[in-house]
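Both complexes shown next keep chain A, but they swap its partner, so chain B is in the first and chain C is in the second.
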Partner chain A sequence: MASSPLAGSLLVAVGWLAVAVLGLVPTNNAFFARRIAFPLGAAAGVALAAFGLQAVWLPPQILTLPLGLPDLPFHLRVDPLAGFFLMLLGSVSAGISVYAAGYFGNEPSGRLTLISLQYHVFLASMAFVLLADDAYLFMVAWETMALSSYFLVITDHQQPAIRSAGFLYLLIAHLGAIAILLCFGVLHGGRGDYTFDALRAAQLQPAWATVAFLLAFFGFGAKAGMLPLHAWLPEAHPAAPSPVSALMSGIMLKTAIYGMVRVIFDLIGNLRWEWGMVVLTVGAATTLFGVLYALMQHDLKRLLAYHSVENIGIILLGLGMSMVFIGFGHAAAGVLALIAALYHTLNHAVFKGLLFLGAGSILHATGLRNLNDMGGLIRGMPRTAFYFLIGALAISALPPLNGFVSEWLTFQAALQATILQHGVVRSLLPLFAATLALAGALTAMCFVKVYGIAFLGQAREPAHRTPVPHAGDAGRMERYGMAWLAAGCFVLGLFPSSFLLMLNRVGVSLTGQGLSEEALAGSGWLWLVPTSAGQASYSPVIFLVVIAAATLLTFLLVRRFYHGRVRFAAPWDCGYPEQTSRMQDTADAFGQPIRHVFGPLYRMDRRLPGPEDAEPRYSLKVEDRHWYWLYLPVARAAEFVSSKIALLQQGRISIYLLYSFITLIALLVFVR
Partner chain B sequence: MNSVPGIAFQILQSVFVVLAAPLLTGWVNQCRAWLQNRSAPSILLPYFTLAKLFHKDAVFARDASPIFRWTPYILFGCMWLAAGIVPVLATGLPFAPAADIIALVGVFALARMFSALAAMDVGTSFGGLGARREMLIGFLAEPAMLMTLFTAAFISGSTQLTTIVDTLAHREFALYPSLAFAAVAFLMVLLAENARIPIDNPTTHLELTMVHEALILEYSARHLALIEWAVAIKLFAYMTIGIALFLPWGIADAGDWSALPYAFAALAGKLALAGAGLALIEALLAKLRLFLAPEFLSTAFLLAVLGMLTHFLVKG
Partner chain C sequence: MGITLLAELVNVLAAFLLLLAFAMLSQRRVLTLIKLLAWQGAALAASTGIVAWSTGQTHLYYSALITVLLKVILIPWVLHRLIDRLFVRWDIETLINIPTTMLIGIGLVIFAFALATPISQMATTLTRSTLGIALASVLLSFLMMIVRQKAVPQVIGFLAMENGLFFAATSATYGMPLVVELGVALDVLVGTFIFGIFFFHIRERFDSLDIRHMEKLKED
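Coming up: the complex of A and B.
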């Protein structure tokens, strides 16, 4: 029993809860949180990853806990899908926890204890979301997750901006939760049994199945940050401390993807291709808007948050394609698309976690979040710069790192479109692939901007030229955390076929079918073969070896036949000797061509100085259009309705008594 | 496929592309000079320039980081890899399955990312300007290139360049409307990606217009030589991709030594024509304003997508 993955995962989740509670006992002891709680949490994460990995290869296991309400015990279950996500949660959170041990090192002890409590409750609740096998436990864990992360977001609650960011997050999280709850209600159909087994067995009419799908898509999409419910991400991620941003963006968004796959693929089942088209359309819009808005940001963490939106869009593209293929009865192609989506889920967790941690180290060392104030950080913090570069290359989908593998798989899935019977759908799928290609190239542009402006070049403001107090490289624990995730980028990028086989297990457990025999036979540790060797193959190891060998050989040949002499001089100034560091590109300048090309998509407020201005000032504000056409009207409508309802509240006892009286009369009339 | 002759072919091709690439650049320059009524420089001039640059002492800006130092080598390595993937002389090379068309586009993207980062490294305003413009061109050219390649992939049912070329080379002669769209799109991408007129002018250092030259402004001596060489290989690789996709006849199978002389001759003839054609385009067109570049490239992107849709509509 002790070695079974379910019991092990449960032990880890309870262990996280124990760590959370234990942190409270030795009060005012920051040492405990720093040296014991976070490292212990990390170790538990590694164990959870191992249990998850084990669970993928085992048949599903179930367990009923005698907890919860009377006659409503908690059901737990671990199957390959949950196992995969448990592995994601465990492995990524291990790196983040190690980092957090260093990052929160300077926090005052009271605050640190509180952060440690919320942090570990957050981790445990995510584990329970993945383990839950009935709607009741699922919702309890889901809400615990929302609340604990809300409290983590408002760690710096003294600032009003952070409080309002937290409120927005809580609001959208609960909108989503309501939709999920309603979805479970639809699936359940009044039989009184909320276990997932019962929901799975329910025979829904097509119309009700579609309603359930839409509710689940909306509800989990709100948590995942799909368009147009993404507005909380760019507010909440910058507000939270960096390890928390990494957890939320890297892992919590993924629990929403888990929920989406669990409910739509597993519980509702009988996928229809029309649903897939809905998911694809929303996914494509999310991808493009995410990256285009990311390009306009100059706050590093906001930028990363918009990239999370983009990556959720990419995952949705994969899921949508999978639903289309399965809906038309091509399970093998559907599993390939599902694998691509889940692979990207894992990849995004790793590299986005890494990037948020890197942003945290910059913030820690310099106190800066605005790219326009940074510059030349590679000289002060070379190690952080190195890890951040790995993350930047990975998210830009460049081979041979991990981001490329999942985009490659998504493209391969899209290229299967020829087998579809429906002409329109068949020619639409490649268009979604085109969206993905466009987004990938834009991401590369965005990360050239981020890396070039933050780490390269010269420090922009003279004030920061002499490094800000204690601006050094990231501390030891912070570096270990980042190194763990950076290594993950390499492992996932270089040895994709082992993960492909693992995800194939998930696909088999969900759809009953897997990749073709040919693909499984062709996928050794060296080769990635999604369909058949004649159609497509990719070998990242050979790729890396050749590129590294060619680079080194060139270096050695040049040294051998020529020389290695170097002189150092001032940069070439093109005949303008008065150049200062302020003449470098800023983050906003770098995005200017995109603003020019995609102008109508942005809401811009630009003030240009006139020729006569004595004090010329230039100001530019780029805002999310969704605020204006969606959020503000809804907010205004809510305000209007509540102001009307407020008319009822007169504050006089006689009026309230009158209301009671009228209610009584009405009840007597209608109920009799 | 992984036999000794196959590997010998692989090495032969990689070395051949690297060594022959400056010759193509020299040929294009020569043709252009003729078309502009100038007396043409020697076709070997690029080699002399490279030799001269290798002998000089390198000058670095004081604050240059390791990224700046390593980028020329990485660029060269990337292009060398590309030279190994593209079926220039033969199909079925043993290395070809390691990277398909998507990975090939990825190699070029990797090279672009590093050259843009290196340009921003020193922190001059020109470097940033170059990087920004290069990425602006890249973000449209890269998807257009992918879509072009996807059209060919749909026709042959594979993303392996070598399978695509095999399929296209051994089909009966028929006009594929989708390939016609793709060819036009590919030509536009080729011009943009290789910093050619009408997108960029490789012979100017005018700050209003330069893109590629602004990127490499800080480089000198051996590093500049490596970059120039990598640029030549890139042009060679793009031309041979175009040839492989749209004029694949005459290519040899890996290990088939008897077909090699014919493959060499066919390649030389096709490259000579393509180089002259490139020079003609450059002589006839004027450079576009920078902000017309996105329009030019989005046209290429739309053409490529249209080509793909055409494939689905007419099955050809």
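Coming up: the complex of A and C.
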């Protein structure tokens, strides 16, 4: 049984559910959750990753469960696409679960039991989203996922701010779910049943196919955090406990990408390049906007949340390019862009999970989320600092780590634009690539800021000065969890060819065509060749060797020539003899140039201290413009309409009876 | 007896039913209302019995029997006990004064007949002309529910509406299937008991059965 990936994956999903339920058995449950449930969940994740990996190389498998409604059983299916995402879910969740075992260690047992239940139900529902082969099971799993994550977000529901963040999340999640449901309805078109096979076979008129595409794009985009539906991300991620933020940002957003690929590439099919342009435009806007707002944040988790928005934008750029290429009939280039998008999906899951875990360790150890209060953390928590550095380098797309590979592949796909016949599209694609390049640079700047402000320098506030308050470095389990994901950053960065071949399988199963022969022949363990060896190739291993050699050489030379000659002296103090740690650059200050250049994009609220102020404080609040031009008007309109509708509710039975009476009379008059 | 005579009898009973509906609309005393309801039930049972005899449909006998047991004996008895315990024999205030209500009622009857004429021309049953009356008594009972302010008369209005529906079913298609009738009868019975329980709760809560107090339940 275990040899079949589908049965194995199902077993893992059911196992997660079992762990969730077993955690409720009240004997010594805190111990159970901490020592057994989360580690077991992690082991199940590793198994799921193995099954997913196996499924990528096997033909699709199907299974019909004797569950569900009468005449409406649950259908399961594992194909390479689902296998790839199962691998993502399993491997990333394994690290996060190990981390969670340490992170939640100090929770009181009642809360811990609940968290364990919701956490594992959340994992299992994501597995079922990936396994589902009919719209019915898909929606059930999708909604279970939304609800369980909602309850995880409002773990600290005593605080009103967290409750409202949870509400916003739930609202947007449901808007998306409605759109997805409608999309399935359009695909179904009143014929057949709701299995994905039937939806795949349905022949839609072009207009209806476009409607289905727009609904799917909107619905899954709401969950993924694409512009302008991203508003819940920077609210919900800081509200949730850190392992949950890591799960949501690392994996749940990716199930939305899965849904998008599944519905648009697989179920709707017959891709049109116009759709690709829509995805590209939204993706570019999302990328740029996400990173620009990330730069302005001083709450570490909000900053990471905006980076999730940015990375979703990068993935959308890849998907959009893929649709444009396939729409014009260039399947090989399309598959390359699709591979880039999926690769970035996996990479983002790994490094963003790692970064959120690092932020969680900082929060745990110091109780701080505001970058402006941090500083010099590397002394108190050197290990966390190390893992965070790996994550920061990966997200900044520096070779030889994983973020570079997928962004490089996206660029390679964009460079294929010359083969397109349509002149306008051909000239637009490099523009999108330029957006991506800008975003990459800004991301690097942002993580220089995060790392420099938080870990380097001196502690800023006297209350938080050395040693770092009430705890030291991350605990053992927390470190194992982060180490697992950090190792993932290296593996994905150093051996991209094997993942390229794996994703090529996914591409073949979706579009029926793969990368060019040259690319496949050229990609060995050393070189990564996306199109042909003459055009572009990249070898992370050589890169690593060169970096290591250069570092070693510099180190030896410095040691040889300068050792013992270092002279300590007071630096020039610029005329300020008494320097305090508050004179360091702050997070807000670091972002100022960008804030200046992109000024019109931000809505700022600055408080400058007066000249008489004895304790001068400068405060800056940068707000999302979308709140003012989209969300609040919509909310006001909804409130206005509801207040008018509420007039119907008089509270008098006679009036209510009169309503029914008038309805009855009206029906009798008009329908007879 | 000839079929025409039986049909005439049914028509007479139908007219009686309509008269009772108007009587209920104008009645101010709860005790009398209950009596009128019992009479309505009796008229209904009698007409069902006649239809059963003239068409030879045996299941209608059972339904007539159930009607007698339930609507002439049990429910009026329950309601009697209820108003005894609640001391609400007398009061009835209406939202609209009674002459106006009657005028609206006449309008409803005309409307009901206008509506029922085309339908009853399609029907083949010997009682088809009574469909308009059945519909009119449904609408009149509904009107009664709307204009009454106290809970007990509203429930009586509800039960009277059910009578009208039942009569409509008998006159248009010789009754619903027995199973459905049994189900409806049981629902009415259970509903009466639930209403009874609610009356006590409402009175305990507000010291009155005036449903205006329930406006406070509205969420602002």
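Quick note on the criterion: the second predicted complex is superposed on the first by the 635 of 672 C-alpha atoms of A that agree within 3 Å, B and C clash if a C-alpha of one lies under 4 Å from a C-alpha of the other, contacts with A are read in each partner's own complex, and residues count from 1 in each chain.
Keep this in mind: contacts are C-beta pairs under 8 Å (C-beta built on N, C-alpha and C of every residue); 3 or more make two chains touch, one makes a residue touch a chain.
These numbers come from a predicted model, not from an experiment.
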| item | value |
| --- | --- |
| Contact breadth on chain A, by residue count: chain C or chain B | B |
| Partner chain(s) touched by A:661 [first = chain B, second = chain C, both, neither] | second |
| Touching partner for A:440 - first (chain B), second (chain C), both, neither | first |
| Partner chain in contact with A:296 - chain B first, chain C second, else both or neither | neither |
| A:425 touches, of chain B and chain C: first, second, both or neither? | neither |
| Which superposed partner A:650 touches (first chain B, second chain C, both, neither) | second |
| First (chain B), second (chain C), both or neither touched by A:251 | neither |
| Contacts of A:288 with chain B and chain C, given as first, second, both or neither | neither |
| Chain A contact footprint on chain C (complex, rising order) | 95, 111, 115, 118-119, 139, 142-143, 145-149, 154, 211-212, 214-219 |
| Chain A - residues contacting chain B, complex | 375-376, 378-379, 389, 393, 396-399, 404, 407-408, 411-412, 415, 418, 423, 426-427, 430-431, 433-434, 437-438, 440-442, 444-445, 447-449, 451-453, 456-458, 527, 533-539, 542-543, 546-552, 554-555, 558, 561-563, 565-574, 579, 581, 583-585, 589-590, 592-594, 596-597 |
| For the chain A and chain C complex, residues of the former touching the latter | 649-654, 657-658, 660-661, 664-665, 668-669, 672 |
| In the complex with chain A, residue positions of chain B that touch it | 54-55, 57-63, 65, 67, 70, 73-74, 76-78, 80-81, 84, 95, 97-100, 102-103, 106-107, 109-110, 112-113, 116-117, 119-129, 131-133, 135-136, 138-140, 142-143, 146-147, 150, 153-154, 157-160, 163, 207, 217-218, 222, 226, 291, 294, 301, 305, 308-309, 312-313 |
